[in-house]
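Input: structures, listed below.
Presented sequentially are two complexes of chain A, the first with chain B as partner and the second with chain C.
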Partner chain A sequence: MAKRTFKIFRFNPETDEKPSYKTYEIDVQPAWTILDVLNEIKWFQDGTLTYRRSCRHGICGSCAMMVNGINNLACELQIATMKKDPIVIDPLPGFEIYKDLAVNMDPFYEALKRVKPWLINNDPAPSRERLQSQEEFALMGNSIACILCAACTSSCPSFWTDGEYLGPAALLKAFRYTFDTRDHGLDQRIEALDNKHGLWRCHKITNCFTACPKNLNPTEAISKLQKRIVEEKL
Partner chain B sequence: MNQLLKQFGTQSGGSTAWIWQRITGLVLVIALFLHYLFLHFLNGGNVTYGEVSGRLAMPLWKTIDITFLTAALYHSVQGVIMNIHDYVHRAMLRVTLVSITWVVGLILWITGIATVIAIKSL
Partner chain C sequence: MPSLRTRGFTHYRWQTGMTAWMLHRLTGLALVFYITLHIWVVSSLQLGPETFEATMAVVSAPLFRFLEVGLLFCVIYHALNGIRLIAIDFFGATEKHAPLFYGLMAVGAILWIWGGGTMVGHALHQLHAGEPFFPF
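Up next is the complex of A and B:
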């Protein structure tokens, strides 16, 4: 066990005039993650702390938050890898704060809906699955591994200044379907993509790439999507 | 009216401006290289009005400099407009700022073109 200090963002809009940080000293076990620390605080020290969590295995994306200035998943971030003390924990930036580390994710899901993140194909369904070769599958890259945690979108300054901007996660999803050879829905997505709040707000600063806990590269996907849309327009 | 303002400048979606900004960026790289090469290196750094006007009197150099000016102004005007779209979300203010940017760009372009065309060799 080692004692570590955690500075955690606290804000209750019903009682607090402005946000503040509260410091906790925790005896940390060697394999603990940030989520283990939050659970320790919530269950044994301060039950008023609010945060989201679910699967604890880096799949559901619920526990995305900013730790020492970089968005990440609390359940994947090992304390032992972090030398800095205190460790500062903030909610995902760019979203309205509900309470403490829990934010209003509605703008994120609204943006996602605008790119129609589902397979669009009006051809009659085959008797079994719609087959893809390995080469066709490779066109989508690893974009299918996105868990929609919003770490990327929340790290994007274009999203901070324009709440209606689609953001890297929705654009990565649009890339995933646009480059899916089974999908025929680009003409239905193009209005949302080729838009003042769409593709052209990305200025390639790669914050999304740095923040993604699954090592995906939304910046590269956005570049390919921009090229595809320009080709489509020409 | 407000809906019209909200839509102002969004009909083309942004792809046309985006691709032209890349093309003009490429033109700028070539034109800047030629500009520095001929203005500051090949003549030994001796930049005089007579030397510049002598070169600009040639139709080929007039064409190169007009292309340079057009690319530079389009590229920079689009850059400013991109910043406006990034940070200004009140429709009326956005429309005003985008319009001012285009008008200033147009005035600079006409002034520049008139100057380049008017120059004769000493």
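Up next is the complex of A and C:
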């Protein structure tokens, strides 16, 4: 057990004029994550703290937040890896704040819908599955592993300044289907991709790449997608 | 409900990529400003050789020599970071973008100290010869 200090963003739009930070001193077990600390606070010290969490093993994507200035999943971030106190916990930047660490994710899901993140293929369905070779599968890279936690989109300065920007997560999804050899939907997605809130707002800042808790690479996906769209248009 | 949308700029950690991007923007704006000024200065040639000579005499003053050291910084930074962006876009260098940035910046620092040193030396020479710092 070690005593650690946590500075947590608090804001209740119904009662507070502006946000503030509240400091908590917590006895931390050696293997605790940020989520364990938040649970300790909510369950035993201060029930008014609001945050999202669900699966607590890094697959649901609910507990993405900004810890010490970088987006990550609260349930994957071990306290032991962070040497300095206080550990500062903020909500995901770029979104409207509902309360404390819970943000309004609607713009994130709206952007996702605009790229039609599903298989578009009007060929008659074969009697068994649509087969892919290993080489064809490799074209999509690890983009299929995205858990839609919004750590990347929320880390993107282009998204902070343009709330309608598709953002790295939606663009990674667009990449995943565009580079899926079974998909024929690029002509239906191109309108959403090739406009001022689309692909070209990416300036290769690479915050999305460093934020992704699944070690995916939206920056590279966007570059490949940009090249593909240029080829398509030429 | 307040959106607090842009609090990322003040609260998110300024990592290599974000800092490089912001500097790229700022040096880009500085270069646009310089190009405009440059075209305006050169356009004085239309008003005859005397006007051009007079304008050139103003922009050759030590003040402008020192400003040109800043201009050299903008040109070198923008060009070298541009190489990094091309590497990210066309050669899949995202994962190595940070070491690439620092490597290019080391090259840039050498070029800047070399070129800038020469320019500062020239300005000091002008000042020693009794030229006023401000041309106005």
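Simple rule for what comes next: the second predicted complex is superposed on the first by the 234 of 234 C-alpha atoms of A that agree within 3 Å, B and C clash if a C-alpha of one lies under 4 Å from a C-alpha of the other, contacts with A are read in each partner's own complex, and residues count from 1 in each chain.
The rule is simple: a contact is a pair of C-beta atoms (placed from the backbone, for glycine too) under 8 Å apart; a residue touches a chain by one contact, two chains touch by 3 or more.
Please read these numbers as outputs of a predicted model, since none were measured by experiment.
Using the contact criterion defined above for the overlaid structures, shared-chain residue A:69 touches chain C, although it does not reach chain B.
In the superposition on chain A, A:98 makes contact with chain C only, not with chain B. Counting the residues of chain A touched by each of chain B and chain C gives the higher count for C. In the superposed model, A:19 lies in contact with chain C only, and not with chain B. In the superposition on chain A, contact of A:168 is made with neither chain B nor chain C. In the superposition on chain A, A:226 makes contact with both chain B and chain C.
In the superposition on chain A, no contact is made by A:213 with either chain B or chain C. Of the two partner chains placed by superposition, only chain B is touched by A:200; chain C is not. Residues common to the contacts of chain A with chain B and with chain C across the two structures: 161, 203, 226.
By the touch rule above, chain A contacts chain B in their complex via residues 158, 161-162, 190-191, 194-196, 198-201, 203, 226, 229-230, 233-234. The touching residues of chain A, when paired with chain C in their complex, are 13, 18-19, 66, 68-70, 90, 93-98, 104, 154-155, 157, 160-161, 163, 203-207, 209-210, 217, 219-220, 223, 226-227. Looking at the complex, you find that chain C touches chain A at residues 1-9, 11-13, 15-18, 21, 24, 85, 88-90, 92, 94-95, 97.
The touching residues of chain B, counted against chain A in their complex, run 9-10, 13-19, 82, 85-87, 89.
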